[in-house]
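Shared chain: subunit A. Partners: subunit B in the first complex, subunit C in the second.
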Partner chain A sequence: MNSNLRLKIGLAILTVFTIGSLLLPFFNTVDPSQQGKYLKNLPMSSAHLLGTNSLGQDTFWFLVFAIRNSLLLGVAVSLCSTIISVLVGLSAGYIGGWYDRVVMLITDSFITIPILPILIVLGALVRGSTSFFSIGLILVVFSWAWNSRTIRSIALSVREREFINMARFSGMSTLGIILKEVFPYVYAYTVVGFINSILFVINTEAALAVIGLSNVRVPTLGSIIFWALNYNALFIGQFTWVVAPVVATVLLFLGLFLTSTGYNELFALRRGRV
Partner chain B sequence: MIKLNNIVATYTTVRGQVRAVDGVSLDIPNGIILGVAGESGCGKSTLLKVLYGDIGFPLTLQTGCVEYGFQGDDGLQITTSTIRQYWFRRISYIPQSSMSSLNPVVRIRKQFIDFLPPDRRKDQVLEEVRAYVKKLDLPPEALDAYPHQLSGGMRQRLMVAMATFFNPDLILADEPTTALDVVVQKGILLLLMDLQQQMKNTMIFVSHDMGVHYQITHKMFIMYAAKAVEFGDSNAIFESPLHPYTKMLIESLPTVGDDHLRQGVIGRPPSLWDNLRGCRFAARCPLATELCRSEEPNLIEYTPGHFAACHYAEKLS
Partner chain C sequence: MGLVQYITSRVGAYLLVLFIGITITFFLPRMMPSDPIEGYIAQLQSQAGQTLSPEALESLRNSLRELYGLKGSLLTQYFSYIKRVFLTFDFGPSLTAYPKPVSETILTALPWTVGLLMTTTLLSWIIGNLVGLIAGFFHNRRGATVLEVLGVVLYPIPYYILALVLILLFAYVWPIFPLSTTILPGPLTLEKIGNILYNSFLPGLTLVLAGFGWNILGMKSLAYSTKEEAYVTFARLKGVPPRAIMTSYVFRNALLPQVTALALSIGTIFSGALLTEVLFSYPGLGLLVRTAVGNGDYNMLYGTITISIIAVATAALAIDLLYPLLDPRIRYR
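So, the complex of A and B:
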């Protein structure tokens, strides 16, 4: 597929999701997580676009808030973890020496600790009452390490190139070299890593919610599925309750994926033109 | 005048310290092109590093220092310990390979203003850069390109432009034409000579191509196994070399119309790890005697401005 087309489709999906989930909540007057607001298990109608669920919530509005929350969580966590991983990776790779060894020891520990068991234990300790913020914090702590290791390896190889020597010879400071000479090398990778991180965060949060370890009262893509499974939505014929969040998640992932690969190719192409 | 006072530079290795430059003293007059010649491993690149002031692990300057003879912003004489602050403003460097010396993912113009002094405005300097680049026979559009979109000659011209833009007092060129074909090589050499004549700065030109040295240098400095063997005016050196090594280097140059086989310098330079006694060239020298093998010759001025380190220099001339 043409990379530009890919990027366009990806961005279009993301734009619809972003604008939709950020603007629509302003037109809603009812808190979507409030239970028993409507009659239970209503079919689709003009009043309830996707019907209502077994908890008496409007499925459509719950979904809108869920997408918003998941996206916000994904972007915020991914932004923090990308900044951390770029700073840690570039400085460790470029400065090297004992600094590199200490930083990489910490990074490697975070890579080798299996995240899911830790999250399950953490979740079990604070079962269900974890605040949305601390979920984000935990995800940041566990999502920066891998990227920072790959960025370090790029920086390690770039450091030995002649043009870094030239930059040093021209009197640039270490920070200047890291930001102006090494960072352009990892820039495209960072953008793709950022998008992939969003996927990872949404995915992990959903996984936690499905097994009931996230704060399931807050609407997220995972918490919808948690409640739907809990109330056996498929058996009672509430297909939209399960299908809608799954479709939304798949579409969101598709949008992020297309954007990330499309951008990667666009960046490579751009250097071919003056 | 740039003064090198008894420079001893060593590299730290697992086997210990190895002396890559061993006691070189040199006075370089201002406003000339000095050629530094010698075979691989003779210490010419290390000497250049010391001159540039890029001394860091594994290179150490054991003794000696360089006095650059020009004053810094604070009015003090610049020496090895302070030269770092003036990199690319008072002293600049033209590297060997322009392909690897330019960042492939950054546009040229951005790399140009990497060298920007903090008190200058970006767009203003960029205008000057465009005008300057045009003067050097380069299309100004080349500044907007990425390095891989330019030819080797254009890249090397851009490197020359970067190194000379701030009109530094001293320019070090480390084999700036090695990777280029002869036509482009000639263009770059003419450009360098031209710029040097206009700006009247000192240029130190490292190359192992004696033909290039003959074309562009005013003075020559020849090194062998970390030591200085001969120093003097290029004309004098090419006409009547005082050291057998220099003589053999010059004789290895082909001339048009002469088709008999060239004699190379037989043998290899000594290992710097060995316990070196006497003249370091003795093992390969056709004139070597017992004296050469036991006693080290000093660098002596035989005719005004022409130095050589050989016991039999007078015999040779």
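So, the complex of A and C:
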């Protein structure tokens, strides 16, 4: 698949999702998580585009808010974790030696440790009373490792270039070299890593929510599935309640993934040409 | 010399992973604002209709603290926890199936998870890498694009979505597989093995498909870049048949980073397997964790999580230690 085509499809999907989920809530006056607002289990109609669910909520509006919340959580957490991974990766790659070895050992441990079990323990202890914010905070702790590993390996190769020596001999500070000379080379990957960790964050929160251990009262792509499974949506023929979030998740993730790989390859091509 | 250094560094990393993982599972919950013992006592109180006297409550609190390993300062608790985990493999009694030890229940669930995971990870890795090799080696044919699109579409789909889609398709729309797992009791007969395979099919398929995209795309780009290496061009000019170039020149070398990547992603795969087990009610560690959470059985929860971390770290170490067999550069450095 052409990388340009990938990027275009990915960006198109992301644009629709972002604009849709950010603008549509302004046209809705009812809190979508409020239960018993409408009659239960209504079929699809012009008033309820995807029908209503067994809790008396409008499935369409719940989904719109779910996508918005998941996206916002993903972007916020990913922003913090990307900053951490850039700092860790660049410093480890550039400084090298003992510092690099220790930092990489810790990074590899964070990659190897299975995250979900630890999150399950935390979720079980605070049971439902988890604020959305603290879930975000925990996700930051566990999502920086992959990116900093990659950024470090790029920094490692940049370090050997001649202009770095030049900068060092002309008296630039270590921090200055890292930010002004090395960072431009990892910038493209940082964008890719940023998008990848949005994917990771949305996915992990949703996974927790599906088994009821996130804050399931907040509409997210996971909590909508949690409620649908809890009320046996499939048995009572409420297919839209399950199928709609599944389709939305697949599309959103595909959009994120296509954008990140498309951008990555396009940038690699451009770098090769220069 | 190189080999010894390699093994020591891997074992060191292994111990560090265990240490960090177990320390996190110990300290993070204790930093949380809620107290499981108070929660449990409140639950007992409401069951007993608030009839328990303050003295009875106090003694209850004390014995529960001892049972949970929550006596003494944080540091003494920590050391006794480490000692219990590594020396005696003791996680205390289960609180819902009292006094059955937690480790016993975990040991019956462990083979299910390990069996399911090993089979699916191997299948997914082998098939995915072969498909990726073909897609990367013949990258300018139409078929390769189809394979790549398959990888691109499968890669970002999360485990729980795959599980739901498979349940939807093969347990509702076309009900040929069971909705949730029901394993026949009794000894291991031929019939029971068939039953296990039948019940494991959908969870297994979920895990294989989930790993597919990642393996295909990883191998595809590796095979593609390896194909452009000078030694491959030389082999082609020398007249080595294309099949041999594909297998022993390209595949053999492109395989190495994929082994390392597998070792690093074991944790993610394991997390996905836990979730898949919950959704299919598969009798492994995932379901155990889910029921432990539901019952507030904290000993069971900690035991399972600790075992999970040990299992994942050990699997990663095993892959790392097998690596020198594939890569002679480490053996002869």
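We take it that the second predicted complex is superposed on the first by the 252 of 274 C-alpha atoms of A that agree within 3 Å, B and C clash if a C-alpha of one lies under 4 Å from a C-alpha of the other, contacts with A are read in each partner's own complex, and residues count from 1 in each chain.
Going forward, a residue touches a chain if its C-beta (ideal position, glycine included) is under 8 Å from a C-beta of that chain, and two chains touch if they have at least 3 such contacts.
Just so it is clear, the structure is predicted and the values come from calculations on it, not from any experiment.
> With both complexes superposed on chain A, which partner does A:Leu39 reach: first (subunit B), second (subunit C), both or neither?
neither
> Looking at the overlay, what does A:Lys180 touch: subunit B (first), subunit C (second), both, or neither?
Only subunit B is touched by A:Lys180; subunit C is not.
> Output check: A:Glu162 vs subunit B and subunit C. Expected answer is one of first, second, both, neither. What do you get?
Touch partner of A:Glu162: subunit B, not subunit C.
> If you tally the residues of subunit A touched by each partner, is the higher count for subunit B or for subunit C?
C
> Is A:Leu234 touching anything from subunit B or subunit C once the two structures are fitted on A? First, second, both or neither.
In the superposition, A:Leu234 contacts subunit C only.
> Taking the contacts subunit A makes with subunit B in one complex and with subunit C in the other, which residues are shared?
Overlap of subunit B and subunit C footprints on subunit A: empty.
> Would you pull the subunit B residues touching subunit A in the complex into a rising list?
Residue list for subunit B touching subunit A: 52, 54, 84-85, 87-89, 93, 95, 97, 100-106, 110, 114-115, 141, 144-146, 148-149, 162.
> Sort out for me which residues of subunit C touch subunit A in the complex.
12-13, 16-17, 20-21, 24-25, 28-29, 32-34, 36, 145, 148-149, 152-153, 155-161, 164-165, 167-168, 172, 217, 263-264, 266-268, 270-272, 274-275, 278-279, 289-290, 292-293, 296, 298, 301-302, 304-305, 308-309, 312-313, 316
> Considering only the defined contacts, which subunit A positions touch subunit C in the complex?
Result: residues 1, 6, 105-106, 108-118, 120-127, 129, 199, 203, 206-207, 210-211, 213, 222, 225, 234, 242-243, 246, 249-250, 253-254, 256-258, 261 of subunit A touch subunit C.
> Please give the residue numbers of subunit A that touch subunit B in the complex, ascending.
Against subunit B, the touching part of subunit A is residues 161-163, 165-172, 176, 180-181, 184-185, 187, 271, 274.
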